[in-house]
Amino acid sequence: MTKKKIQIIVCGGTGCSDKNSNAVAESLTIEIEANALENDVKVVRSGCFGLCNLGPVVRVMPDDVVYIGVKPSDAQEIIDEHIMKGRVVERLLFTDALTGKKLRSAQEMSGYRKQMRIVLRNCGIIDPENIEEAIAHDAYEALARVLTTMTPDEVIKIVKDSGLRGRGGGGFPTGLKWEIARKNKADEKYVVCNADEGDPGAFMDRSVLEGDPHAVLEAMAICGYCIEASKGLIYIRAEYPLAVARLKTAIAQAKEYGLLGENIMNTGFSFDIEIRYGAGAFVCGEETALIHSMEGLRGEPTVKPPFPAEAGFRGKPTNVNNVETFACISPIILKGAEWFSSIGTEKSKGTKVFALAGKINNVGLIEVPMGTTLREVIFEIGGGIRNGKKFKAAQTGGPSGGCLTEKHLDTPIDFDNLVAAGSMMGSGGLIVMDEDDCMVSVAKFFLDFTVEESCGKCAPCRIGNKRLHELLEHITKGKGVPADLDRLRNMCLVIKDTSLCGLGQSSPNPVLSTLENFKDEYEAHVTAKKCPAGKCRDLMEYFIIAENCVGCTACARVCPVNAITGERKEPHVINPEICIKCGACKEKCKFDAIIIK
Amino acid sequence: MSSIKIELRQEDVSKIKEICASFNNDPQELINVLHKCQEHFGYLPAEVQEVISTELNVPVAKIYGVVTFYSFFTMTPRGKHPISICMGTACYVRGAEKVLEEFKKELGLQVGQTTPDGKFSLSSLRCVGACGLAPVVMIGDKTYGRVAPDDVRNILKEYENY
Amino acid sequence: METITLTIDNKKVDVPRGTTILKAARQLGIDIPTLCYMELHDMNIENRPAGCRICVTEVQGRRNLAPACATKCEDGMVVKTHTTRVLNARRTVMEFILSDHPKDCLICPKSGNCELQSMAHKLGIREIPGAEIAAMSTYRKDTSPSIIRDLDKCIMCRRCEMMCNDVQTVGALSAVNRGFMAAVAPAFEQNLEHSPCTYCGQCVAVCPTGALTEVDHTPEVLRVLADPTKTVVVQTAPAVRAALGEEFGMKPGTLVTGKMVTALRALGFDYVFDTDFAADLTIMEEGTELLDRLNRYLKGDKTARLPILTSCCPGWVNFFEYYFPDLKEVPSTAKSPQQMFGAIAKSYFAEKIKVNRKDLVVVSIMPCLAKKYECQRDEFSVDGNRDVDFSISTRELAAFIKQANLDLNNLEEGEFDAPLGESTGAGVIFGTTGGVIEAAVRTAYEIHTGKKLDRIDFTELRGLEGVRQAAIDFDGLEVRIGIAHGLGNARKLLNDVREGKSQFHAIEVMACPGGCIGGGGQPLHHGNSEIIKARAAAIYEEDRKKPLRKSHENPFIIKLYEEFLGKPNSEKAHHLLHTKYFEKKKKIIVKQ
Amino acid sequence: MKKINSVEDLRKAKEKILAGMHGKGKGEKEKVLVRVHCGTSGLASGAKEILDFLTLELEKRNIDATVIRTGDMGYCYAEPTIEVTRPGESPVVFGYVDKIKADEIIEKFIKNGDFVDGIIPVNYRTID
């Protein structure tokens, strides 16, 4: 191999690009050429460093020196000083606000990275279909330690002390849950892993199962040891074929290696895991519904108590946790409760995986410590809003959650703050919306989901959500009246207050939260009959600006209902009575003469 | 109460019995049995449910209740190339609705229908978890990402000769 | 059991741990409204899906309202049952339910007897906001020989599903679909006729709305009554007289035998007869069959199938034809009293009054909906002319009487006509669980032993326990008897028979909980099991008052054998009074 | 690998695996390690083609490398992504990898250590 060249990596992430990192790269190239260094020094564009607020970011390799806030005018100094003379440009280094210390390398700055991978620790690192790689990355070490050196109560104490709360939505303390299941005596108990990830837009559980299945298997065995269960069940969506295949492989390998099955590692503890399939019912994310589904029944929830920890699968004490929760267990055992509880906020410990989606640049999975702000998530890790549009809202918690707005951008995200803001953690879907999204339509979209996913058992959820959806439809069609908003709110409150399970108790959240945060948008729909975002077709009016229209007749020819009239070379007119608002004319017009009012 | 005759081929009956037996004819395994049967037959016609009912000793009404509860199960045969449009939130905000409309228009189908020649069927589903590629369309096992309405015709063309 | 104390509406109450808020409140006299909830206390029947959410209450410290029917009391709990929050929630939920319910109360068969209607009234619903844009969940209406399903009126209380599956184990109905379109229906939303439905009518008996009702045959009956060419005969089943009065505001358990007879005569029936007569006849045939099988068995005849199973209940017959076709040789071949009556009426009696059977119309008044189906069975007609032309339920008769401007309360006591109106106490007790077998024992004992019974009341065979058993000493021969009411209980005994484990010589089965007094055609009990107990008491009271209490002592029965049938189980008796059973289970046909 | 019958077995197995992983066995030259992120998002974007391409091409071009299939890292927006670890160096993740890009990565980065556009910098902390 040839001798290493110097390479200057310029962040080309959206955040830095917005801050003109392109110009920085160009200036650097010019300087390199000016100094005839093109054979030894190269400029490379990279993706986002996750340091968007410090951008543009430039990293010089192999020295591993990171410069922040680099302007095109700094290029000369970087080349002259650093590249030619080997002297680091101190003024462009990152300064730790607390200590005043200048940090040089990406390594030193790693503590400032917004993301922290605990759950996703092995995703993308190990071959999920090769247990040896998992073992090399500490899999089953925690199980070994638990089985040989700890009592169940000691393990439960660690989990309790770690402050871990269920990642499936409710945020119930995991250690406490295990303790209750442990205390209920029975001849048989079950450990269930809820992998029926149903929130549209959330896919962290699938990623963990696809990337690091042993993390879940090991944690289930640990849980089994604690609650004295010898059987584990993973309830997984049938729509996740890859995750299913990898889980099956992982289970088979773990059995082959004696890390699951009879008498694990000769400790006398036996634990076996089976897979059960979901079949497309969101409500089965609810524990009791999930258990009924595993029993071959319709996935209808039942009243709690009794909780699954008392009478669950086959009437036996059952502990249900979701994938992400289980994935936290082994690191907690290995690194201790104190370590885990040092991460996060007072009442929400550890990290949370979010699935960023919607109008955001860096769509994908991120894992951040609890307490990270929405601003950090969206504008730094997420790289900001697509196409430079304005941030409007972020929906968390999926169809059960609510939306966070501009005013929540600096709120640290944790279980309690989200609830206080009228939303919820849910499973961690985070959908970003921009100025083009109509919040009434967004609420309607979520209701559409709930209506389809309601199991139909209890009246408020079965009928109430349908009525909510109808009323929102009515409003988006411009047929609403101001009094409808009060009715909407009352229906929401009653549905929340009276529904049988979590689905109905939270399904009105998207409506309530948009009603709260975007009241004026609702009012515009019911009073002025306008959709401020220009999304509601029935509230739009296509209009030709006479000054821009050259009379090319293209619009008139494309109109499917002949709503456009006009002489050739004369401005055309749209008859709003006939127009069906299909938008074909607007697409066809080359002169930007057609607008939506 | 009249007796009903159910017609199935011997090999189909044997297959269903075999599937049920592989789950020890345990009624609690009903959903797994239904999955396997749907995998084999492509859908779950009444006849298949009747045989399962006998094997697992579960009233057929209850089986039908389960089949109609879960959106993954279907009683209508799907097309040779089942088209599923993801209607998850991420896909929705990135325009999945328009893509669905385009498929409906191109195929002349409503959601849940199959073309008369049995080639395509159209369904919508909730989040395949490929949100980074939104809007996402699945045809059979193949995933299409970042689909725009204009791509629909070309996508369908790929299946012209299959 | 541990007692806990809680406060409901500022009143303290002590209850055993495990009690629900609903029951604790009732203990205090606070009646929290319920809709989907239903309990038949003495029969271990409870429907508690907590689905309607009408019974919600406010529990201090809880985020959401709690359904009183399904929330267990806790020590120190503070409950409020009628705060503004609760009342608003109840009203709004009721508005939701009504928004998806047809508003054709005026012509609904349940009008006036509808729990949903009463609840709407109780909660003071005056309008349904948003009704103009509210979509309704609509379904195809299904009319079977006995039952009409109008699922547009289904409110998903799940009572029918619970009765059909948990109590009856028939499995004809299940919750189907999801969300807004969820309803309770047979497989593939087919007609009931194509399901394992036995027409026991227990789904109808518990349906709070007009979603499940009986097929009304009163118009046909009215038509034949108006036809001068027809002679119309009516027979009334024993359980009817113990319940009909309820429809006219009388106390449950009031016997209205005489008034009923008067009413029927006033309605224009030419002869008012009693199914009890046919019940006595049934005992002669079935009792003889029992003794025959028993004697053959004792003599070592391996072909003698024991236990013998009673066969008077048509829901039960449908049940074993579907689920136990392999045992179809086990039940008694004796027809049910309704059909025995029809067969005798259209032969013996028709000859007697010299009326062509085509011009003789037999109507039965039954506590039962399966009887409607039974009289339509092919084997119970001659050249297309049914032995029993129409069967109407107790409820239909009540409506019919009201339509005729008759007030049952003010009618004279009438007497049944002879000869098919005379009966013994044994015929009367057919109306309650254990009655058929007790009647059979009274006769079989005396025939077998040739001795007179010292005591006629076999109280060991009575009661409301689901499965009962007793051993009766037939003068040295111990006859072991099993009794089941409710098809789920019957299934348990049948499984034993199938496996050859049954220890019984004779088993009585009634499809409906409580027997015929709890039949699917009876006035609605609305979840009050005291009503069913009162009806049973009335039946035994009628038995006690009868001068003759053993079927074989019925002089008209004796005469019938002398004049017409010869002796029990004679060839003629077999031809007219016995039947056979068919396999109803779906067959899987292999396509060639 | 035989059954792990005790905790000692597990730890021994781990050491053995670590020692032998990706050509780090005794006497062997260290190999280039290429991880192709093959979760659903990756596969839907064509990761399988990249996995096959890299496996085949690295062999063809006589480069001593191990190509393994892993789950996704979460960079959905940039799928398919791969991670390349040159012996003794830190891993580098590349996004938007198609065959042309993969070819460039082999020629420039794997062979010579020259970065190419499309690097996704490590933007997270790990737990060890």
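The chains carry the letters A, B, C and D, assigned in the order they are written, with residues numbered from 1 in each.
In this text, a residue touches a chain if its C-beta (ideal position, glycine included) is under 8 Å from a C-beta of that chain, and two chains touch if they have at least 3 such contacts.
Since the structure is predicted, the reported quantities are computational estimates derived from the model, not experimental observations.
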When A-D and A-C are ranked by contacting C-beta pairs, first comes A-D
Chain with Cα centroid nearest the overall Cα mean is chain B
Distance between the CA centroids of chain C and chain D (whole Å) is 73
Chain-centre distance (mean CA atoms) for chain A and chain D, in whole Å, is 26
Where the centres are mean C-alpha positions, what is the separation of chain A from chain C, in Å? 57
Whole-Å gap separating chain B and chain D, where each centre is the average of the chain's CA atoms: 36
Sites on chain B at which at least two other chains make contact: 58, 62, 65, 69, 71, 128-132
So which stretches of chain A touch two or more other chains? 203, 206-207, 240, 281, 298, 363-364, 452-453, 455
Out of chain C, which residues touch more than one other chain, so two or more? 175, 177-178
Chains touch one another in the pairs A-B, A-C, A-D, B-C, B-D
Complex contact set, residues of chain C against chain A: 49-53, 56, 64-65, 67, 70-72, 85, 88-89, 92-93, 96-97, 99-100, 129-130, 133-135, 155-156, 175, 177-182
Mind pulling up the chain C residues that touch chain B in the complex? 165, 170-178, 185-189, 193-199, 318, 321-322, 373, 583-591
Chain A partner contacts - residues on chain B that touch it in the complex: 26-32, 34-35, 58, 62, 65-66, 69-73, 87-90, 92-94, 125-132, 134, 141
Which positions of chain D touch chain A when the two form their complex? 1, 3-7, 9-11, 13-14, 17-18, 21, 35, 37, 39-41, 43, 68-78, 81, 83, 95, 111-127
Which chain A residues qualify as touching chain C in the complex? 281, 298, 300, 302-303, 305, 451-460, 462-464, 466-467, 470-471, 474, 487, 490-491, 494, 496-500, 505
